[in-house]
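First chain written, first letter: the chains are A, B and C, and each begins at residue 1.
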Amino acid sequence: MKLSDRLKKWDVLYFFLTNSKFKIGISILLFFILLSIVGPFFIHYKPYEYAGVQGSPPSLEHPLGTNPFGYDLYSQLIVALDGTWLVGLIGGGVATIIGLLIGFFSGYKGGFLDEVLMMFTNILLVIPTIALLVIIASFLNSRSVVLESLIIGLTGWPWVARAVRAQTLSLKSREFVSLSKISGAGTLKIIAEDIAPNMLSYVFMVFILQFGGSILAIVGLSFIGLGPTNSVSLGGMLQDSVLWNALILGYWWWMIPPGIVITFMVASLYFINMAMDEAFNPRLRST
Amino acid sequence: MRKYLTRKIIIYLITFFIAASLDWAIPRLMPGNPVSLIVSRFAQASSGSAAQASVLTKQMFDYFMQAFQLNIPWWEQYALFWRNLLTGNLGISMYLYPEPVINIILSAVPYDILFLLPSILLSFWVGNRIGAWAARSKKADNILLPTFYILTSVPYFWLGILLVWIFGTLLRVLPMSGAFSYSMTPSFTFAFIFDYLKHWILPFLSLFIVSLGGWAIGMRNMIIYELESNYSRYMGSLGASQRLIRKYSYRNAILPQITGLALQLGTIVAGAITTEIVFSYPGIGYILFEGIMNKDYPLIQGCFLFIIAGVLLANFIIDILYMFIDPRVKIAYTEG
Amino acid sequence: MAKLLDVKDYKVYYQTLKGQIKAVDGVSFFVNSDEVFGVAGESGCGKSTLGNSLIYLKAPMRYAGGNAVLDGNDISKFTDDQMRRIRFEKISIIPQFAMDAMSPTKKIKNIVVDLVREHNKRMSEKEIIDLTVERFKMIGLSKNVVDMYSIELSGGMKQRVVMVISTLLNPRLLIADEITSALDVSSQKFSVEMLDEFKDKQFVSSVIFITHDISVLYQIADRIMIMYAGHVVEIGNTEDIVSKPLHPYTKLLISSLPKMGIQFSQKRLKGIPGYPPNLLNPPTGCRFYDRCPLRVDPQKCQNEIPPLVEYMPGRYIACWAYTKGNDKNE
């Protein structure tokens, strides 16, 4: 039995690594990681510093052109990229951890605790996150990237909790857990030894999705003017471009690149997630 | 059935109660005196001479001390908040002083309904159809699925920006902003409706295209499970055509999608808010944006309550519809 | 008696990443008109794959050779469309998963009407429902059942509804796949009686009754086929197989039954030491070799597949102990 299980795991890994969606996703992701590492070496200006002719299209001097204030857009984009990763990591991480804890105990303990936690989760789920973010962010005097990430994480967990709970319920009913129960293992021990390892891949997938979701959330929030007050962000760049008529002026280099970065950053994460999904659920495989 | 409805109504009332309480509590939980914060921020944001500003600031401070009632015990403040809320008093806008917030919001609601309803329903319908179709052929699936994923990764408003840039700036075939031309007055004339639709199409498309991807992915995954299910296999064994099997699978796969629609509303609303900003489309999202830009806190809080009320109402309507579509709900609640 | 179904050297493999799983690997048997033909064996022996592939061969199952002649037509060579037309009308199945064989969101009557309409456009909706209700009454289901959803029915009721649906168009051959395994003893008995009655009334002509439970076959089957690891090991009259098993595997199977008529569970079969071979890479010789207590000619048993031979009239065995020249056993 054990050998066939091991083979099966290998099988999954095989499907995952040879999946073209994984390859494409990881390539795009690595490209952006590389861009954040190497990019800063080519920054010659501060994000909010007069750098050259206002509103000039991309050139060797300014790879992504300048905006009407003469700010170098390449510098802004690279700096904003760091903040974006941070939001994804913290926002996605916090949401995953909280959701994991609540979903786990809710699904594992069941009964009254489950009812209460799930009702709370479902209530938070129907309240639009953006509305909560707006009301919180608008009353904060100064907003740092970390603070905003935390808020995004704190409002994003209900999705995770629901998914993790469902997964826990299905794992709980499997044989090995009841075996541990018979042998008298405590709740924590069962969770740590039996359920958690089985859920690891699943949790990783959830984290990837939350990572992407947090990026989209901060972008939206920055766009409506509630982004970080202390640094430049991709959503903020887009807001500036719309507010200062980049559309009418036809400054495509101002409004197109940040959007492409966001879209492909998030899409690369979704691609990896899709490849994992297919590896674990053979029925979804499309190749 | 009545039991189901009562249960749902109670849950939504609790949810609204919590949300509204947050609306009341958050400004009071933030560091510092919210009234001073509001007034000082507003003074920064507004222009005009210093003397004018100080008079205005004083007036405003008095008004907000009155409105927030910070000098009375918190439970009385809270009771007052609910009394005002239930009588439709959401306060006075600062940015459009002295217009009541409720009037500003109500004037925006028709635009939101005409913008959101078609884009949500059509993207749901078309997305599900395309998703079901993608599940049929591996070739189509290999191209469509990644496309759907890219679509859901696009920020709604950025697609709006792209569309305006292409159709407004480059091709100059569609207007770039507003709900209708300045020269027009809303009326039921052909000319106005045509003008309105010309302004409507791009915001509609931004929302429609992005949400479509999500629905298609969901349906594609759901229907693959349904097509592999035992009832599909049994139907196949009894010589049912693929067409009939797909029809049955779709019927079952659409149910979790409808639940998903309810849960996804918040995200769509967020998308709609940002999209309205791109197009200066006069819905609640744009008003909220103006509120944020001008530090108009009563307006922000009013929009918050309205958005939540709208989402809860939509959720409730979906719940009622769901009851008619999924026999399991009916059965579960009639048998006890 | 005329042969209704004649299967020769029939092979069905599963296509997987690591290769082909030879689930049904060259089986030959026939089913007479108007008989119940039992198929028994441990889980994983290929009996269910055999039954399902005869009616609905679907990926990852893959046809890998042989013939299956039903009423004079080789259905193993049929196109999808030809096959679709004879399903339900000529060959039908009561699946193993009767509990969720019906879509939960459609009323029973809609399911029945939709399914019948795929074959017979001339029957009106009312005629179809009337026929269903008539059959329901025959087995003690009220006529209200047609207006219910499958989720409103108990397990035993679902089983009966599926039995009625599957036989509605009076198929010649019915495949009953483990229909008793999910039921309690009294429902089991009822299902078997129902099948008998349907046969008497000529709703079905012949039945292939697939089960892991030989005691059920003893009640209903005319003849029994025993399968092991994708091969046929023995075919004979029920009485002969049960009272005088010949193949070493059959002997072990029968002896693991404590007393006739008492059901034994799948776990009991593990009383035979060892495991069935891996069908991804089956042994070259007899597939029972590893667990066989007999091994009459170890060299031959290990390296050559024993052919299925008619040892006595109507009695077929695949074991080197019963081929000519090795005929020293009993």
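A few remarks follow.
In this text, contacts are C-beta pairs under 8 Å (C-beta built on N, C-alpha and C of every residue); 3 or more make two chains touch, one makes a residue touch a chain.
Given the structure is predicted, the values throughout are model-derived calculations rather than measurements.
Among the other chains, the CA centroid farthest from that of subunit B is the one of C.
Chain A has its Cα centroid nearest to the centroid of all protein Cα atoms in the structure.
Chain geometry summary: the mean Cα position of subunit A and that of subunit B are 22 Å apart. Remark: subunit B and subunit C have CA centroids separated by 56 Å (rounded to whole angstrom).
Centre to centre, using the average C-alpha position, subunit A and subunit C are separated by 51 Å. Not a single residue position of subunit B touches two or more of the other chains.
Shown for subunit C are the residues in touch with two or more other chains, of which there are none. Contact with two or more other chains is made by no residue of subunit A. Subunit B contributes residues 229-231, 233-241, 244, 248, 251-252, 255, 325-328, 331 to its touches with subunit C in the complex. Residues 11-12, 14-15, 18-19, 22-23, 26-27, 30-32, 34, 37, 138, 141-142, 145-146, 149-150, 152-158, 161-162, 164-165, 168-170, 176, 221, 224-225, 228, 262-263, 265-267, 269-271, 273-274, 277-278, 288-289, 292-293, 297, 300-301, 303-304, 307-308, 311-312, 315 of subunit B touch subunit A in their complex.
If you check the complex, the residues on subunit A that touch subunit B are 21, 24, 119, 122-123, 125-132, 134-136, 138-141, 212, 216-217, 219-220, 223-226, 235, 238, 241-242, 247-248, 250, 252, 255-256, 258-259, 262-267, 270-271, 274, 283-284, 286-287. Chain contact summary for the complex, subunit C toward subunit B: residues 52, 55-56, 58, 83-89, 92-93, 95, 97, 100-106, 114-115, 118-119, 149, 151-152, 162, 165-166.
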